[in-house]
Each structure stands twice: as structure tokens, then as C-alpha cells.
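In what comes next, chain A is part of two complexes: it sits with chain B in the first one and with chain C in the second one.
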Partner chain A sequence: MLIVSSIITGLGLGSMYGLLALGFYITYSVSQTVNFAQGSSMMLGAVVCYSFAVTLGWPLTLAILVALLVCAMWGWVVERFVVRPFASRGSNAWLMATVAAGIVLENVVLFTYGKEPRSLPSPLAQEPILIGELGVYPLQLLIPIVGLAIACGLHIVSRRTKLGKAQLAVVQNPDAARLLGIDVRKAVVGAFIVSTVFAGIAGILIAPLFNVASDMGTLFGIKAFAVAIIGGIMSPWGVMIAGLAYGVVEALTTSILGSVYTHIVTFGLVIVVLAVMPNGLFGRAEVKKV
Partner chain B sequence: MIAAKFIVSLLPGVAALGYASIANSYELYILATVGFYAMVGVGLNVLLGLTGQVSLGHVGFYAIGAYAVAILTTNAGVDFWPALLFAIALTGAVGVLLSIPALRVTGPYLAMITIAFAFIVEHGAVEWRELTGGANGMMNIPPVSLAGAEFSELATVYLIIALTGLTLFLYWRFADSAWGLAMRAVRDSEVAGQSLGLNPVMIRATAFGLSAMAAGLAGGLFSPITAFVSPSSFSFFQSILFLLVVIIGGSGTVFGPLLGAVIVVLLPEFLSDFAEYRLLFFGGLLLVVMWLAPAGIVGAISSWFKEDNPDATQPSDADAQDIEAFLNRKDAATTLTVKDLGISFGGVQAVKNFDIAAVPEKITSIIGPNGAGKTTALNMIGGFYKPGSGTIRLGSVELAGKPSHMVSRAGVSRTYQTTQLFGDLTVLENLLVALGQGHLGGVRSALTHVRNNAEACAQCHKLLAFVGYKGGAQTLAKHLAHVDKRLVEIARALATQPRVLLLDEPAAGLSSQDTELLIPLLRKIAKAGVIVILVEHDMGLVMKVSDHIVVLDAGMPIAEGKPAAIRKNNKVREAYLGTGEVIDRARKKALGKIDSIMLDAINLGAGYGAAPVLQDVNVSVGKGEFVAVLGANGAGKSTLMRALSGLHRPIEGKVLFIGEEIATWHAHRVARGGLVLVPEGRQVFPELSVVDNIGLGAYCRDDFNDGVEIEEMLNRFPALHRRKGSRAGLLSGGEQQMLAIARGLVARPKVIMLDEPSLGLAPALIEDLFSVLAELRDEGRTILLVDQMAALALSVADRGYVLESGHIVHEGSADGLKNDKTVEQAYLGGGS
Partner chain C sequence: MFTKNLISRRGLFATVAASFFALVMGSTVHAADPVKIGLVAALSGQSAKSGEAITRGLTAAMEEINAAGGVLGGRKIELIRRDDESNPAKGQIAARELIFKEKVAVLFGGLDSPVSLAIVPVVNKAKMPFMGVWAAATPITRNGANPNYVFRVSAVDAIVDRRLMQYAKKTYGTKKAGLMLINNPWGESNEKGLKAASKVENVEIVGIEKFEGKDVDVVPQLLRLKNAGADTLFLVANAAPGAQMMKSLGRMGWDVPVVSHWGISGGRFPELAGNMAEKVQFIQTYSFFGEQNERGKKLLKSLIAKHDDIKGPEDVIPPVGIANAYDAMHLVALAINKAGSTDGDAIRKALLSIENYDGLIKNYKKPFTDDNHDALNHNDYVMVRYYGKKIKPVN
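Up next, the complex of A and B:
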């Protein structure tokens, strides 16, 4: 029973890790850069949604839309002012710069939103439904479904639509894409926006189950990054599978060994995976050239 | 001057000691904290400043140091000093251990491993209760003591200040030692480091170990002064603060970590009213410093004060003779014998049955058209690629399959197509790194500035004189002019005292005068007893300088012999210029009068960095015309295409497209305007299907009728029709070329440009391809073709230009050019 319940929790959390990690995949594949502060983008989604829905009392759907819009703008800001200035001169300082931007955002939120964690009420997280003897909130079942649906959606958009194919073209060969009239710079901006919006969705989805606070995303973002890396950051499905696996391993470790071992086991596995497979579970090595 | 610098360097230490003597207990603690941050910062500086790697997990080492001392002195009753030494050794060992997975990865992957490490240490400290006291931590850690006498708080802080000073001093000695240089060299160019005998794995592992030891030292001192350790002191966020120390202060500078530590620790004290805004402030500060002063505060300040002595020493000619003796190793009378060498990439045989026997005092050249496998062959000899088959023997020593740093130590040195100097090292340092042949020495060597080795420096100056380098020895390599980069790279390769020197296109990007300078130099090197192997496109140089030539085509040797024989060899001419007999593809209906110019390049100049690749190029294409630009490899054809299509911004001149100036447009805008390039090497999107690839060609068109038009393209290229559903990456070279052309055509370009479409295709496929081009021409399309296969290109073109070394040397009607000797000379050298 305990096992089943932790697997459900694990799949839910795991799909959210996967969703954030998909954000890492999207930006990395077009620009070889990531927003290291994905966790704070996720927090932003949850906080804005809470503020509009609870503090201002707007309808939830509208609040969600506003929150995702804010996330999209934040993605644009990160790309334009924190990543591009460094990436365009070939420096990898974007890594620390995005960390710094995340710290700034978290603290701005801390002083405007407040310190005390709050919980976003959700109609889907009030009455547990019984599966056998196990009580689960409908939201807990919805989260992995939404996560996987978004992953499928991404897959379909990138395979079937003109814009999606253009994005894939940029990933596979930026110069050739330029020669077809595709604006690679816009593609990169677009990738950062999609990436933060995904993080925002994850934040809103988990907000009713956890507390909404300025530091809610920090550890989550780091775990999502671990997921992206062990999944092999260039493989979208690899990233999603790694996310689910990570979530399940984490939940099982917690319920079997106790919560203190969670990070030792999961992060230990991350090191072991990378030591054995430097390109991640589903990644491919790039060919060296001189 | 030196004395003044010395005194200034001591000032912070004196000030700290002075302040400590009057400080209260809290202030002493703050002072100690500055010391800890500075020590960890110095450690991170070894990693970030010297090897260019980021660690987000240094708090883990700091924690291990702190807990090791705490546990040993409290639970095991060990004295402080042995405990501290143990803590340092332990962190060093953990650092090296962690470097094993970390070394195989870089960038975000490395960041992840270090983050994971920090979390494991933090949570391990919580969980391992018997040892660490769990979340409550350990209390009553005894203070520092010596021979039974306990240190007062003040004395401990004095000790911390002294040790901080010592760490800074050690870093200063280390950064410019043979080890420090090697670390910076591997950071700037790993491949070049390997080809000088440096072992990057060992070097990075050492950096990791040393870096961890500094953090361990700081942690070991932290325990006794606070008398209390708990996991909460070692949160992940602490790692970010440590990195902040180095980045704000200035990575790669001696005093950067100290200044960074002062800022990070003291600022919150001064701003105590705003204490809760501390992190906001740090985040903002980090961003501002990274935007405005990427080298950190100390880095920015020292660049203002940089003394302008570009040249302390000018190499003199007098010593050049000594170098011949240096290069002439008595044991050098041995041969490089390569037999039956082969390699394949993803099923494609890049090189096959390659034999070469190169002897000392001779220059052996490997030539062949683009894509023939020359550089691949060189990479196998140099150990960069592991050959699939065959042997490489230097004398009796087998080199095949050895890693490149071992190949280098066996006596094989090389230069690169695009120079691989260590950009942030000076010219002198570039050579000094090489002089050690990969042997870095022990502790003494690690603490001795290489530049103080007068003998080594003199040797480097002589080498620079020998190659004819006239610039400053203290100039940073990245600031050199292109020709100087080439010369310094050759000097650096010679500094390893090689038996074999591999030169990969040393003349690429050089002007003809500069190329002339290479001829006596290469002869001189060979004469000194070195086996010289040259891969080069500049046929003028190859024909003049070579003693023996091996010609490769499509990975296979097709001829070898002396230059004169090679020039006359029919197989070689065919490989370069295409077959003599060409199908007649002349227009059925003569081209009418041209009523408008579609594309006009006027006095176009383009290049990469300092070297101009194109100069004063004038090319025009009339409406409905088929124009070919011919030229050997390396003549600048692809650069011309890149400049016209907007992929590479020209330095001078204009590009007019239907009367509009487009030289400053981005590539995507040029393509939208209707000037479409089918790029060299096909460049299809490998993971997308054939149909999707074609469809993307019409990305900018709103009136694209995909069903009908894609079908039309598939019918035009029947080979694609059969494979329309498969991924483009699985297509053969010929099919991919057809696909790339189809993709270009659906854009409905006003002018279509084709870059080397025949490259790497089998002869039969090339014939098919050119028939397609003739069809397109007869439909009235405007086409600009660049191709190495002169005879073929002229069979379809109306007019042609001949490009040689970046200049248009000839132009005329296709018929006129067919029988023109200057075309052949542009390819195979000779003539005037």
C-alpha cells in the first residue's frame, strides 16, 4: 500500500521534474545554454497565480493565464539580459549569471510576496478519492497526466507544425536553418519562453499540494537539472523518462529508508550514472573535430 | 618596482594583523571568516582561474575539512595539527576521486556532479549521527593548541591570517609554474595541450585535488574557532557564495579571492540594517560585475594599470643556428612508416589503405581534393583518432592507438589547420609549456615561476628567431596577427624537440608573401633532421617545397612521387579538375540578351580575424544566367558563398541583390529576399524526414501548397521519391545533395547559389547532378555555382570566374575557360 502510494507521488513529482527538465532540453538544444534558475521560474508561476487567484480574487483560469504570461516575460528577460550577453561572446558565464538572476528573483518575491508559505486552494485537492483503501487527491492523478500530455503536445507540435519543424531544424543545423530564412535568434528567445512557461505550469500544478513560497523552487530546480543531465539533455523523451524514474526512486527511498536518505541516494545515483555514462542515459556523444 | 609590489602585496596582511590586535571577539570572528572565504576562493581559483571549470560543490570540501578536524580532535582526541593535515589530505583525496566522473564531462554536466556532491555531503552529515552528531552538530570542539598550550582567539586569528597569506602566496607561485601554465594551456586548447605531451586528465585531477585541499584547510580551521559544527553551516547556498568570491574578485588573479572574500563577508556587516536584503544585493552585484567587468574587480583594475611593455625582449637572428643543433637529435636517423592505415566514421570509410614512409631531412606532403581524408590521416598519425586498421611506426616504436599525449612524447609534434595557440598565454609561455615535453616536475617545479628559468626562456627566444617571428614575446597569443600565429605555432611544435613535425595547412589564410616565407623555414626544419609531413592546399607551396608527395582521393592513395611527376599525373588532374571527357550539356537555345543584373558583388573583401580570405572580388550574375566560380581548395570559394548569403559578414565592399545593398543583412533576411544558398556538404536536417526537409525550404512562403509542390520536387528527383518517408540522415551523399537542392528550389529563389554540390559524390552521381543543374538552367533560373570540378562546372555554365588565393584571377565565357591553361595552374600550381 505504502509502495503504491509512493509510486503515485513519485510519478506526479517525477513528471514535474520532467516538465522542468524539458525546459532545459528546449533551450539547450537550440542554444547550448540553460536557465539554471528554472526553479525560480517555477516559483514565479505559483506565486503569481496565488496572488491573482487568492489575494486579488480573480477566477482561477484567468490567474493561471496571467501567471503563465508573466513566466513567458521572465523567460524573455532571462534570455535577453542574462544569457545572450555572455553566450554571444562565447563565454560560459551565463551559468552563474542565471543563478544570480534566480537569486534576485527569489529575493524580490520574498520581499513583495512575503515570507510565510501559503497554500493555494484547489478544488482538486480537497476531497481525496479512494482507490481501494488508498486516498488520493484528484490533482495527484492529474499532475502526471498533464505532465505527459504536455510532453506529447510538445512532440506533436515539433513534428507536425511548421514552427515546430523550424525549431527542430535550428537544433539540427542552425546555419542551414538560417539559409531557409529561419530567424535563429527568435528561435532561441522562443525556446527560453517555452522553457519558463513549462516551469510555470509545473509550479501552478504542484502549488495546491505544497506550500507556495519564494524558495519553493530552488531544490526542485536542481533536481530537475539532475534529471535533464541524466536523461541526456538532448533527448526529450529521455529527459521525461529520467524525470519519472527520479521521482519514483525518490519517493520509494523516502518511504523505505526515510527522508534523510533521499538526497544521498538520488544525488549519489546522479554521480554514478554520469561516471558510467558521461552523456546521460539517453544522450549521444558528439564527434570531436580539430 | 618589484620591491614596491612586494610591499603593496604585504599591506592587506599587515592591515589584517593590525586590525585583529584591536578587534573584539565578534570582529575577530568576522576576520576569520574573511580568511576562510579567501582560502576556499583561492582553491576555486585554481579550478576556475587556471583550468576554467566551475564547481558548485566546494562547500562539500569545506564541510569535510571541518568535520574531519572536529571529529578527530573531539572524539578521537587527536592533536589539532595532525588532524588538520589529515583533513587536508582527505579533502584532496576526495577531490581527486570526485574528479574521476567530473573529468569526462564539462559545462553543465560538471556543474551537476559538483552540486550532487555538495548535497550528498550535507545530507550525509545529517544522517551519519554517530560520527557527526546529526542535525544537531558537534559542540565543544577544542581550540587550536601547540605543544599543550591552547591558542587564544586572537592567536588563532593571527594563524588564520598567516595561512590565508600563505595560500595566496602559494597560488601566486603556482599559477605561473610549469603546472599552472599547463593548466591554463589545457583550458585554452585541450587538443593542442595533448599534442605537446600534456595529459589533460591528470592535470585536471590535480587541479581538483589542490582546489579541494584549500577548501579542506579552511574547513579545518573553521571547526576550532567556532567550537561548533553542524550541517546548517554547509548549505548548498554557501557554494554559491564561494563562487561569488572568486567571480566578483576576479578569477585567475592572485588577489581576486581576497578582495571577493572581503566584499562578500564585510558588506552585509556594513549594511546590517539591510541584512535581509543581503542575497538580493549579492545576486545583483554578481550580475553587474559579470556584465561590466567579466574579469572581476581585480582583473578590471589590473588591466587599467597594465604596463605597456609589449616587448621586453626581441628575438635575435644570431642564435638561430643553435636551434638546428637542438633539433638535430643524434638518435633521429629513423623513419616514420605508416602501413595500411584506415578508419571509418559511422560506416563511411574516411581513409583506407594509406601508406607513407617519411624520412628525416625530407618534406613529405599529403595532398588531395577537399574531403579526401588528409586531415583525418594526420589526426591518426598524431593520435587524435584511433585508427581502425594499420600500423604507424616511428623507428621500431608502434604509435597506432596510443593517446595523443603519448604520441607527442614519442616525438611527434603538430600544428593545426586553424591555429590552436593557447590564447590567454603569452607567446613565450606558449613555448615554455611545450619545452617541458609534458613533464611537469614535482613540488619544487610547481612552486617555481617558469619565466625565471633563464635557460628555458633563452631557448624559446632562439626558437622564435629561428621561425622568423619578429613580434613581442610577451604578447598574448590571441592578439597576434594571423601570420604570427602560424609562426609561433610552428615554433611551439619545435620546442618539444620533435622527430616528426606534422603541419596541417600552415599556409591557410596567409598572403602569398607570407607563404613564401614558409618555404625556407620548412626546408631549414627538415635540414635539421626532422621528418616533416605537410598537408596543404596551396599547390604553389607544395610543389616548391616537397621532396615527396602522396595524393589522396576519397580516402584512398591514388598516386605518389616527386612534384613534377605528380603535376603531370592524369589521375591527379582528374581528382582535382574532374574528368577530361564531359557530356555535352550546352544550352539548346542560346541565352538571350541579359536585361538585368540580379546579383552583384563589388570589391568584396572577407576574412576571419586578421587574415583576409577574399580581396577585391567582383562577381556579377545576370538574370537567367548560369555563372560558375572555379578554384582550388582553400581559394576562398566557400567564404564567397558565405559572404553573399549573409552567413559571414564581409569586411569591405558591397553586395547588391536586385539593386538592394544586402551585405549587412542577416542570413535569414537574405534568404527571405530570394537569394538562396544550397550550402556545402549538403547540411540536410538529419532527424527530419525527406518530405519535412523539403517543406522547410518553403518556410518563408505564405503561398506554399505543400501537397502539390513537394510532389513536384519528388518527381523531379525520383531518387527522393522512393525514400520520401525516411530520415534525411539515412540518405546517401548523392540523395542528400538532391534533397538540399530540392529544399532550396521550393523556396522559389530569385537566384539560387550552390556551394560545391559535387563534393564527396561518386562520379556517376556527379553526372546525374549536373544534368539536373543543366535542366534548371534551361528552365530559365538564375544560378551561381561554386565547384572545384572545373570541367564539369564549365559544361553547364555560361560564364566563369577563377578564384585563386582570394582574388579573381581570370574570368570569361565558359567556352573560353575550358581550354585556358591558367585554370589548371590555379589548381595544381606551376606556370608563372
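Up next, the complex of A and C:
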């Protein structure tokens, strides 16, 4: 029973990591850059949603839409002012710049929203459904569904549609893609916007199970990046599955060894996986022709 | 002409010297200068409510003291607050600023034990009297320093843990205890305390689980305790992580009694934990319900008059913060008067020599001695729980 319920708990947690990690996949697959402010973007979604839904009393659906719009704008800001100025010069400084942007955002939220954690009520997190001995909120079942649906959608878009093929072209050779009439810049901006919107969705979904606070995304962001790397960042399925696996390992470690060992074991495993499989579980080695 | 000039030069020198002297001395000794009292507490963050309550308690006492003529023959008491954001490093910096820059006479501490534990070595080195009014970690006062400048009008983990075990055993017939402790020095302090208490009370501890302040789901930890056969849970955490634990417990549908230390009362626990908040029974040092002594009646009246959000005893939340701070401030004022100065060592000695103070929580008789810097003991605790957003005694 302990094992079964840990797996259920772990899948719920893991799909949250996966959802957030998909954002890393999207930007990396298009521009070979990632937004390290992903954890903060998740927090932004939750905080804006809380502010409109609870503080201002707007209908929840409207609050969610506004929150996702704000996240989209944040994605644009990050790409335009934090990543592009460095990436276009071939510098890797966007790495630190996105981390800094996340910290700036957290502190702005700290000023405006306050530091006290608040609770975002959700009709989907009131009455647990019993699976065996373990109760699960409907919301916990919704999160993996949303995550898998997004991964599935991304797979279809990247393999089957013109848009996806254009994006793949951008990845393989931006200059050639440009010559073929593909707007590379738009593709990159689009990728950042989609990635922060995903983070926002993750934040809004997680908030009722957690507390809404300016620092709620920090640890999530780190774990999600670990998940993206393990999943071999270039595969949406890989990232989602790595997220689920990470969550299950985390819950199982806590159940079997005790909570003191959780981070030691999970992050230790991240190192082991990368040492054995440098391209992650589902990644392929990049082939560079000289 | 020459002589006159010389005299006037001398006169000029004397005037300049005198005014310089007056300027220097004036800044340190002046009969009407207020006596500064410092407070380092969580004024923002998940435990912001605790800092607010402590401020209210201190202010209420200070207003009474100042209205009665202040201390040291007419000097008013003034409160200077700094936010530690529940962060030990920030608390330590704030304490240094208050001691060395603001030159406070006494420093008060807040809710977070890790913050107070970080401040203890600083105050003992600076010979600065430190008064804890909330943080309950045992080693805060029992810190091994001699002379020890740290005093407390609050609960002590070692005694609280004993009381929690006793209460659980009496109320729920607890035989197998499961511990859910926050993973920080405060959790550790209670791990020791609960282990010691379990031996005395003959209760078996079947599992000790730690969790983090940012854990989303602690079902795995709870499952371990459930499988180990725990019949009562002992919770030691602040409001936000405490609420996460209660939410996980609710989701599991495990109906088990939960007794808790008082950390959960420092924030928005009822909002965060939802309908699970009422299931936890926890400890306080004072309740504004029931028959009140004269001080209690007076304090409640002044709190209602002063704060719009206080309409009755149920709105004085969290009560411990207010009650402990109120009594501690009066004890400190007594000590300052007894010491006859704001010298740290003199105040420390004066605190140790207080014989009697008829306070809010109780009638203090020799509250501090060389061996015991804690003014409250196990007879001063009450068990309470949330009823909606209000804290009331159980039964």
C-alpha cells in the first residue's frame, strides 16, 4: 500500500515538474536558450490569478485568462530584454541574466503582493476522491492529464504541422531558415511566450494544493530544470516522463528511506543519470559535422 | 590690549570646548531622552501576524509605563522595530544594528527560534539583555554562557513537549506517537524534547518525520507514520508548512488526533489549512477567554479601543504574542528602574533580582534566577484550538 500510494502521490508531484520543464524544452528546442526564471513565471501565474480571483473577486475563468496574459507578456519581456541582447551577440550571459530576471520579479511581487503566503481555493481541491486508502483531489488528476495533453500537442505540432517544421528548421540552421522566409525572431519570441504561459498554467494548477507566495516557484524551478536535463531537453515526451519519474522517485524515497534523504537521493540520482547518459534519458547526442 | 585679546581667545576656546563637550555628552546623557527598546521579529512573511501581536503587546505595556511617568525618573520608553523576515542572518544583522547603532537598552526577540538562536551569541558578547517573548527552543535561554544575558517570558520546548505528551495521553490515551517536525533547529529542539517526554510519560515514539517549509505534499511522511501504527500526531511547524501537513492529512482521510506546538498560530493557519485547521489542538501561554484578572480586563479594553480589528477576546490573535510581550515589557521596565541605568549588566542583574510582579499571565514570584532564565513553566500553559479564525481554549 505504501508503494502504491507513494506512486500516486509521486505522479501528481511529477506532472507538476514535467509541466514546468516543458517550458525549458520549448525555448531550448527553438533557440538553444532557456529561461531560468521559469520558477518565477510559475509564481507570477499563481499570484496574478490569486489577486484577480480572490482579492478583486473576479470570476475564476477570467482571472486565469488575465494571469496567462500577464505570463505571456512576461515571456516577451524576458526574450526581448533579457535573452536577445546577449544571445544575438553569441554570449552566454543570458544564463545569469534570466536568473537575475527571476529574482527581480520575485522581489517586485514581494513589494506588491506581500510576503505572507495565501491560499487559492479551488472547487477541484475540496473533496478528495478515494483511491484505495489514499484520497486524491480531482485537481491532482487533472495536472498529469494537462501535462500529457500538452506534451502530446507539442509532439504533434513539431512533427506534423508547417509551424513545427519551421521551428525545427530554425533549430537546425537559423540562417538557412531565414533564407527560406521563416521569421526566426518571431519563432523565438513565440517560444518564450509559450514557455512562460505553460509555467503560468502550472502555477495556477499547483496553487490550490500549495500556498501562493512570492518564493513558491524557486525550488520548483530548480527541480524542473533537473527534470528537463534528465529528460534530454529536446524531447517533449522525454521531459514529461522524466518529470513523472522524478516525482515518483521523490515520493518513494520519502516513503522508504525517510524525508531526510529525499533531496540527497533525488539530486544524487540526477548526477548519476547524467554521468551515465550525458544526453539525458531520452536525448540524442548532437551530431556536429565539420 | 594683548592681555585682553589673550583672554578673549581663551574665552573663545573655552566656549568652543564647552559647546563641543555639551554636544558630545548631550547625545548620550540627557534626562528627557527616551530609553530605546529594540525588537527583532518577523514583521513580514508567513509569520507576520506574530510580529504584529508582539508589537501590540509591547506597545500596550509601554503606554501604561509611559503614562505612569516612564522609567529612570521620567524617561519615556521608545520601541524600535526591525524585520528579520524569519531569516537568521537578517535577524543577526538587525540585532547588531539595534545594539551598536541605535544603542537600545534591551532587545526583544520574535517567533522564530532559528533567528533567536543566531542572536544569542551576539547579545551575550555585547552584554545586551535579550528578552524572548515567543521563540521556544530550549537552548535559547539554556545556552551555556556565563554571564547569560538571555531571558524569556514564553514557553520552553522541553516543558511544552512534556505538556503535549501529558495532554495527548490524558485526552486521547496516546500510546504510539508519530512526530511531524519541521526540518530546522526548532524542529530539532522539539525532537529532543519529545523524546525525553516520551520516556517520562511512557509513550512510544513510532516514527519521526521531517518536512520542509516548501513541501507541497507530505503524504509519504504521514503514510510512514500511519504504517508504523501512530495513534497521535505531534506537529511542530509554523503556519504555512503546518497547513500543508494538515491538507495532506485531510486528503489521506486519516482521522488521527493532532496535537501541536504553537508555531501554527503565528500566521494565517485557518485560511491556509481550510477545514482541517480546527482539528489541531495546540498550546498557548494565555487565553483572553474566561475570568480575567484586573490586568487582563484592562488590557483587553485598551486593545479593543485601539485596534479596529479587535472586538472581543477571540480577536486577540495570536494571544501568546500579545500576553508574553506585555508581561515581559513590564518586567523589563521594573528591571531598568531597579538597575538605575541602561547599562546592560546592571539590567541583567536587576532582572535576576526581581522579587514579585503581579502580571497578566500570572503573579510572578522570583521570575528569573541564576539557574532559570524562563519566567513561565508548565503550569502556565493552556490547550486551545481554532474555532473558525478564532483561538479558544479546548472545552
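We take it that the second predicted complex is superposed on the first by the 283 of 290 C-alpha atoms of A that agree within 3 Å, B and C clash if a C-alpha of one lies under 4 Å from a C-alpha of the other, contacts with A are read in each partner's own complex, and residues count from 1 in each chain.
Just so we're on the same page, a residue touches a chain if its C-beta (ideal position, glycine included) is under 8 Å from a C-beta of that chain, and two chains touch if they have at least 3 such contacts.
Being a predicted model, the structure only gives us computed values, none of them experimental.
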| item | value |
| --- | --- |
| Contacts of A:135 with chain B and chain C, given as first, second, both or neither | second |
| Which of chain B and chain C A:55 touches, first, second, both or neither | neither |
| Which superposed partner A:209 touches (first chain B, second chain C, both, neither) | second |
| Contacts of A:88 with chain B and chain C, given as first, second, both or neither | neither |
| Contacts of A:5 with chain B and chain C, given as first, second, both or neither | second |
| Partner chain in contact with A:233 - chain B first, chain C second, else both or neither | first |
| Touched partner set for A:260, first chain B, second chain C, both or neither | both |
| Which partner, chain B or chain C, touches more chain A residues | B |
| First (chain B), second (chain C), both or neither touched by A:112 | neither |
| Contact residues common to both interfaces of chain A (with chain B and with chain C) | 260 |
| Touching residues (chain side chain C, partner chain A) in the complex | 44-46, 48, 85, 183, 209-212, 214, 216-221, 223-224, 227, 239-240, 243-244, 247, 250-253, 267-268, 271-272, 274 |
| Chain B residues within the chain A interface of the complex | 54, 100-101, 104-105, 107-109, 111-113, 115-117, 119-120, 122-124, 126-127, 191, 236, 240, 243, 247, 276-277, 279-280, 282-284, 286-287, 290-291, 294, 345, 375, 379, 384, 416-417, 420, 504, 645-647, 666-669, 671-672, 676-679, 683-688, 692, 695-697, 699-700, 743, 747 |
| Residues of chain A defined as touching chain B within the complex | 28, 34, 36, 82, 85-86, 91-93, 95-97, 99-104, 106-108, 111, 162, 165-166, 168-169, 172-173, 175-184, 222, 225-226, 229, 233, 260-264, 267-268, 270-272, 274-275, 278, 287-288, 290 |
| Residue ranges of chain A touching chain C (in the complex, touch as defined) | 1-2, 5-6, 9, 12-13, 16, 114-119, 121, 128, 130, 133-137, 206, 209-211, 213, 215-216, 218-219, 251-252, 254-255, 258-260 |
